[in-house]
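A, B, C, D, E and F label the chains in the order they appear, each numbered from 1.
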Amino acid sequence: MTDLSPDQLATYRSTQTAPDGFDDFWAGTLAEAAEHDIEVRLSEVPTGLRTISTYDVTFRGYAGQDVRAWLRVPAHTTGPLPAVVQYVGYGGGRGHALQNLLWASAGFAHLQMDTRGQGAGWSLGVTPDQAPSSPQVPGVMTRGILDPATYYYRRMFTDAVRAVDAARSLDVVDNSRIAVLGGSQGGGNAIAVAGLRSDLAAAVAFVPFLCDFPRALAVTESYPYKEIIDYLMVHRTEVEPVHRTLQFFDGVTFASRATAPALFSAALRDTVCPPSTVYGAFHEYGGEKEIEVWPYNGHEGGGILDEERALAFLRGRLGPST
Amino acid sequence: MTDLSPDQLATYRSTQTAPDGFDDFWAGTLAEAAEHDIEVRLSEVPTGLRTISTYDVTFRGYAGQDVRAWLRVPAHTTGPLPAVVQYVGYGGGRGHALQNLLWASAGFAHLQMDTRGQGAGWSLGVTPDQAPSSPQVPGVMTRGILDPATYYYRRMFTDAVRAVDAARSLDVVDNSRIAVLGGSQGGGNAIAVAGLRSDLAAAVAFVPFLCDFPRALAVTESYPYKEIIDYLMVHRTEVEPVHRTLQFFDGVTFASRATAPALFSAALRDTVCPPSTVYGAFHEYGGEKEIEVWPYNGHEGGGILDEERALAFLRGRLGPST
Amino acid sequence: MTDLSPDQLATYRSTQTAPDGFDDFWAGTLAEAAEHDIEVRLSEVPTGLRTISTYDVTFRGYAGQDVRAWLRVPAHTTGPLPAVVQYVGYGGGRGHALQNLLWASAGFAHLQMDTRGQGAGWSLGVTPDQAPSSPQVPGVMTRGILDPATYYYRRMFTDAVRAVDAARSLDVVDNSRIAVLGGSQGGGNAIAVAGLRSDLAAAVAFVPFLCDFPRALAVTESYPYKEIIDYLMVHRTEVEPVHRTLQFFDGVTFASRATAPALFSAALRDTVCPPSTVYGAFHEYGGEKEIEVWPYNGHEGGGILDEERALAFLRGRLGPST
Amino acid sequence: MTDLSPDQLATYRSTQTAPDGFDDFWAGTLAEAAEHDIEVRLSEVPTGLRTISTYDVTFRGYAGQDVRAWLRVPAHTTGPLPAVVQYVGYGGGRGHALQNLLWASAGFAHLQMDTRGQGAGWSLGVTPDQAPSSPQVPGVMTRGILDPATYYYRRMFTDAVRAVDAARSLDVVDNSRIAVLGGSQGGGNAIAVAGLRSDLAAAVAFVPFLCDFPRALAVTESYPYKEIIDYLMVHRTEVEPVHRTLQFFDGVTFASRATAPALFSAALRDTVCPPSTVYGAFHEYGGEKEIEVWPYNGHEGGGILDEERALAFLRGRLGPST
Amino acid sequence: MTDLSPDQLATYRSTQTAPDGFDDFWAGTLAEAAEHDIEVRLSEVPTGLRTISTYDVTFRGYAGQDVRAWLRVPAHTTGPLPAVVQYVGYGGGRGHALQNLLWASAGFAHLQMDTRGQGAGWSLGVTPDQAPSSPQVPGVMTRGILDPATYYYRRMFTDAVRAVDAARSLDVVDNSRIAVLGGSQGGGNAIAVAGLRSDLAAAVAFVPFLCDFPRALAVTESYPYKEIIDYLMVHRTEVEPVHRTLQFFDGVTFASRATAPALFSAALRDTVCPPSTVYGAFHEYGGEKEIEVWPYNGHEGGGILDEERALAFLRGRLGPST
Amino acid sequence: MTDLSPDQLATYRSTQTAPDGFDDFWAGTLAEAAEHDIEVRLSEVPTGLRTISTYDVTFRGYAGQDVRAWLRVPAHTTGPLPAVVQYVGYGGGRGHALQNLLWASAGFAHLQMDTRGQGAGWSLGVTPDQAPSSPQVPGVMTRGILDPATYYYRRMFTDAVRAVDAARSLDVVDNSRIAVLGGSQGGGNAIAVAGLRSDLAAAVAFVPFLCDFPRALAVTESYPYKEIIDYLMVHRTEVEPVHRTLQFFDGVTFASRATAPALFSAALRDTVCPPSTVYGAFHEYGGEKEIEVWPYNGHEGGGILDEERALAFLRGRLGPST
């Protein structure tokens, strides 16, 4: 273990700072997206399940581009239900309709957003990333990284914000009881959305990614953070602009703007999203907050126990399902 | 890829043979277990789910020893329902109550058996293996391997047969519509049970393990089969008794005794359970049978697509859920 | 070594076939590109070298999009010179102006094309790939692979064909003495261009990539071919369309259309571009041809000896430099 | 190297503490074993050696269960001889009669104890571990780890204590001149026995294992310590009871009870048994003590030089062999 | 496993041929060495052992250069004893005086030769290799490989032949009962000596190295054979002279000249000295011969069981020790 | 990253000290070499290049032994030119005449020295190392390491000093404008030569090796430094003499004697030549000095950017080429 001890984590603070224009950059980006109607389209999918109804969802995300999702709700329910908007981890997409039945089985409306241009790794995706690809390290971490305006995560975080709008547009959803949730990249997304919206009832981020870039690049040799290191190994003269771009996308800064109650988790042996980087965001988080720490786990974190705790946390914050 | 091509798989036949006394050995073993009442004990578990009711199950398996399981059924159902008895893969246990919601969500009574002495690997288990441990390679593949009477899989296969008895004892289950199902070691279990019982409505084995030992030991360098190779590296003089023991536990021979309709899957790049070993069992399988082959997959096989196809297969064989 | 022996290579033939519409597809693609003027722009670069003059080149490639290159010529020369158009290997770009001085030092006009969207790996690139990115495995091998019209290599091969037009437009180049040359992906490019143009004086392909996909996907576990395998592991239902797309981009088929004299090399221990796949293209090659085989080498092939032999080969085919 | 420097080692102290009931636990355990007569059985083995006589030994260990050993003595000797009771490293057993001739060749009666349930790794064993196996990580480190009463090492340390009783019962042995010795797990055994018996003439522990668990689990990623980490990764809620059990088996605490003169060794690059963990026990050791430190070695420690030094040390403590 | 099956091994024959001048080359080399008196120098070493007397030996080997060895004999013996001349494996030297006590304990005079220029790997050596070092791959496999006269193994095999002369010069040795023995490189040495001397009572070669170079270079990727492949990867134009040199040093050819009764061993999973290469030599071996085959072992072969069998074999061939 | 941060590097100082007799040792060694005339022999090589003339060079190095080199000069030049004497990295030789055209293309006389006994790794060499080889770890780091007089680097550094004499003897070279340059081992050579000669116009050392042995052996696990660790693992009793020998060859001490202006580079993620070891030498360097630090690179350092900067640096120090 090369990261900090529990005692050190308790007092650690990230060195990341918000760049000039951070709030304007995001306000402008979201305003641009909002020029497009959300235009949610649903079509029910025959899954063979008896207790859950499943819908293939399309909505307009960044720059009005179509983004896909799954909506799963308890069968024969009209709602309004509390809702969980879920974001997925790096490399994956929304997956298969038969996967990920937990939240609907627990009585939530569950909107699982696809990830643009990902989804050929551990789970399927179907949403393309509509942007030219400058020379970059394979993956998305360095796609368009020389300018905040072209960086991949500008598009993805905007999609994520818009997914909440998509959820709000659904009759089955109780708009006052929407939570965002995700693990790793999905957790990074949840923090970003929590920093960009004021209408969330809760946010859950398991072992979140995309937090505290200065620390992450200094202490981890693991992918996906290492994609940035690989890029700078070859693009030796671009250290400055890369770090400047990352300032616009750091969970540390999003966290400082957030107000919804939040549950984090971190794992002391996590080399992919080192616990110090999670604490970097957690300590700045602006809303009520709690964190679960797994002392003997790596990036798998608490696994199903993280979800079990999130279920209890969301019940407490969002109220009963029926 | 060092295993056979599709054309070669179509005509490949295992060299494994049934040892003298195979059927008597298993008849005796099961009779011994049957001396103990199945004594199924259920206690409902508060999971927070709304659409599924979950029970912690204990029944008497090999030598009357307690074996644990989860029973998941659609909430508010009295049945009788078609049932899926599921066995899990190597190293895992029955896992957490919140996991594996597919079969109950699809309207089946779902009994997921724990695996004795396993369950500290990728998923939790709670059932001990009650037997002395002779010098063995870490894992269970060589536990008691010098004699069929003491081999680990004698106990586990007996538990698996008894799990069907446990399912039959439940009011919610329609006894004429019980299927066994599993992947990898779970698939090996399903094949063994299909060879040892005549009252099953169907059997499903994804990329099954524990089939065609002679071929497996000749072509794979992967664990868990490699545990046996590791053992013989040190126990150089025990090659004969080890192979003799394995003859009593080979899916090839169980398959030849089976009568229930079966769905298999195999993956052409699977180095853990090479496709030839799966075909070794498939070609001998005595009941109606079909096989799904995944050309670019390893031991993950078809993943959720295997389950999706199994769902359709079981609907066809077991009939509707409600 | 799992690939073929020299004797087997001598008689091996690829099973790849040209798909219906292959020639029309490429004629159409090139015609579309040709609607844009080549518009070569040169600007001299101060390198500090005394014997070589270097120019930063921009020309219009696929769909008229800008593609960059280096032009290196012996200092104080007006030509017309024989020319070498060079393509680079997977992951790299045109690199730095001070690199790769061999061909200009040998008296050739040397145009080294950048590779769109690559160039963050072992050498720098600056040309973006202007296309949306559907869910794909990191890298470019599966970008747009579900349709020949969207596949990455449609754009790249078109760029490569246009690079020859760019060379032809230069005063310093003798248009009757232009060769294409490259190693690995660069060799695949050279073969594709040789199959798509009839005005080349020679083609050189060291350990070429992008040849004989059916064989490559069957025998190698190495990247970049493995990107396609990784994709099909997750996109299990897309085996057919992927193989259909690859038919439009296989060096085997390009080779069968080629007429320029060619030098190939292959390495018997090459697991990245197995020698059988190279022979798959070589045996179909339509022009005069020779091949150098390195018995103890992997994908590094003959290294500088490949270049030394190419230098002699090009002298023979293109004549003296001055 | 992530462990401490020589200067830091000199002042390092373990944080491990003796749990309440430590001494009672062990007194009770040994008393229970002592209810069974030691019942040593010897049978001479025809080895073909001329200078050494070898006997296959069986004695009663933990709970009176049979434990095997080798006894090697110089041929044609009646004694009484000084004796070395040796314990072996993790995964191995007593091995083959023709191995490990050093101590008998040096004139000692040499009793090499087999290790229950191990002996399928690097050397053969024949003694079973008679206990049920709860879900555990492959290996023995987590077998029964939830309770000191069921933990594997309770049985093994008891066997080790009883091996000294077995040696004392032999005519050829001078009871006032018995030493215990071992490397790695064998060294851990030697320290435990030194802490549990007051009648030893000396103890030798090369790069001992099973010392200073709190430090070991914090600083090493190597097996076998990592088995415990792997267990806690899945059994996330059992951190407390696991650490409590380990308190009853830590060499640090055994060392604090020991009185026999001891020789330790440690290696500064040892990642299996990090030098700080060895020093954790060494600094607490209650008897006269010395330690050999190997600056450039890993877990192989001093190898034959460790044995050479132990031979000199034992000569000094136990006196001449004849 | 990529090597041959047992059936194929039974009929496999090496393609290696004796080069013109093979016998003259070796006759000349040995004659040259014989111009130097063997000049054996012994000095007793105080080891602390009681049953074995140990001597540090120096004799004149290749070109009269000093070569070191250990002589171990049962204490208080005058002989004449049967003798075992042992050669060690690649990278090692004669080791430490306290190691390797088996043969003397079994009543043999045991002369263990050091290996020139090796002995910094797994066991210590003290004999330098006195020859200039042309550019070579680290290790000795390619030292001087461009010419049989300068090849490293010319010097080493000559040392090995001379070690038998050294043994013969000792009073304690019965000259009519001398065997050579070794494993891996030591086995290659034993075969070479058996091919070059007619006065041996037996030869033992465990999993011998340096046999059947054409096959070895074609089928193995393991070191030390791979040193030659590495060399030819860079020295691409020297394939011919390297193979010619190796013809003068191949165990296949030495075996065809041998007459002493021999025991070989081979292991079917040995990737360092693949079983086919061992059979390549075994099938050509000119004397009486037997071979032990280990089906589940790698290069460790039979380990102590190989030695146990050799002990029985040597008893049968050399007669009793006292 | 386990090495120091930029702030720590700024103040770090090596603990290495010059041994008694350091200067006499080197004065004596060089005087001995100088007894042999430099005897430079040149023969032009037909490369096919038009802008560069290439010569195969032989000169007398350590003990008058022949050392090879390439001389490359701009074609049709008579000079006198500024000169770059280049040394190559570990394992390589002078390579092929067609490689490494940068310095001659930039207008320098470029003398690239071969490395004795190396040159079978990544580039070809032809110069043998004429010395007996005591037991050593494969490679050259421990060849003769027990005594400064026999250590490999005594011969190599002397060759390197003599290469400057060879350059000085050439008509085409302006003796007042000679620089030494190299990367890794080549950089170590450059520093050593800078410490041993007072007639250099400049020295350039990219990520230099052979600096600050005490630190290197403490912080890196990478080869080639690790060869020394491997040696001491087996030669456990030779720690003292090995460290004493290394004192005579440490770049830290050479640097303290140097006077020529120098350019260094270091890379913060370099585990082969950790940045602290480079700073160990840099801080002691006696002449004017500057250092380029690459924050995201490993041992590749700045690559072509290192060379680009060296080109500018040498222009500034050596003046124009024509």
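Please note the rule applied: contacts are C-beta pairs under 8 Å (C-beta built on N, C-alpha and C of every residue); 3 or more make two chains touch, one makes a residue touch a chain.
Keep in mind that this is a model prediction, so the values were computed, not measured.
**Q** Enumerate, in label order, the chains that touch subunit D and subunit F alike.
**A** A, E
**Q** Within the chain touch network, how many edges lie on the shortest path between subunit B and subunit F?
**A** The fewest touching-chain steps linking subunit B to subunit F number 2.
**Q** Where centres are the averaged C-alpha coordinates, which chain has the largest centre distance to subunit E?
**A** Relative to subunit E, the chain whose C-alpha centre sits farthest away is A.
**Q** Quick one: report the Å distance separating subunit A from subunit B, using the average Cα coordinate of each chain.
**A** 38
**Q** On a C-alpha centroid basis, what's the spacing between subunit C and subunit E, in Å?
**A** 51
**Q** Can you list the subunit C residues in contact with two or more other chains?
**A** In subunit C, residues 2, 305 touch at least two other chains, as defined above.
**Q** Where do chains touch, given as pairs?
**A** A-B, A-C, A-D, A-F, B-C, B-D, B-E, C-E, C-F, D-E, D-F, E-F
**Q** For subunit A, which residues count as touching subunit B in their complex?
**A** Listed in rising order, the residues are 48-52, 74-75, 95-96, 98-99, 101-102, 104-107, 304-305, 307-308, 311-312, 315, 321-322.
**Q** Along subunit F, where are the residues that touch subunit A in the complex?
**A** Against subunit A, the touching part of subunit F is residues 1-2, 269, 294-298, 300, 302-303, 305.
**Q** Please output the residues of subunit E touching subunit C within their complex, sorted ascending.
**A** 2, 218-219, 229, 232-233, 236-237, 239
**Q** Using the touch rule from the top, collect the residues of subunit B that touch subunit D in their complex.
**A** 91, 93, 117-139, 142, 230-231, 234-235
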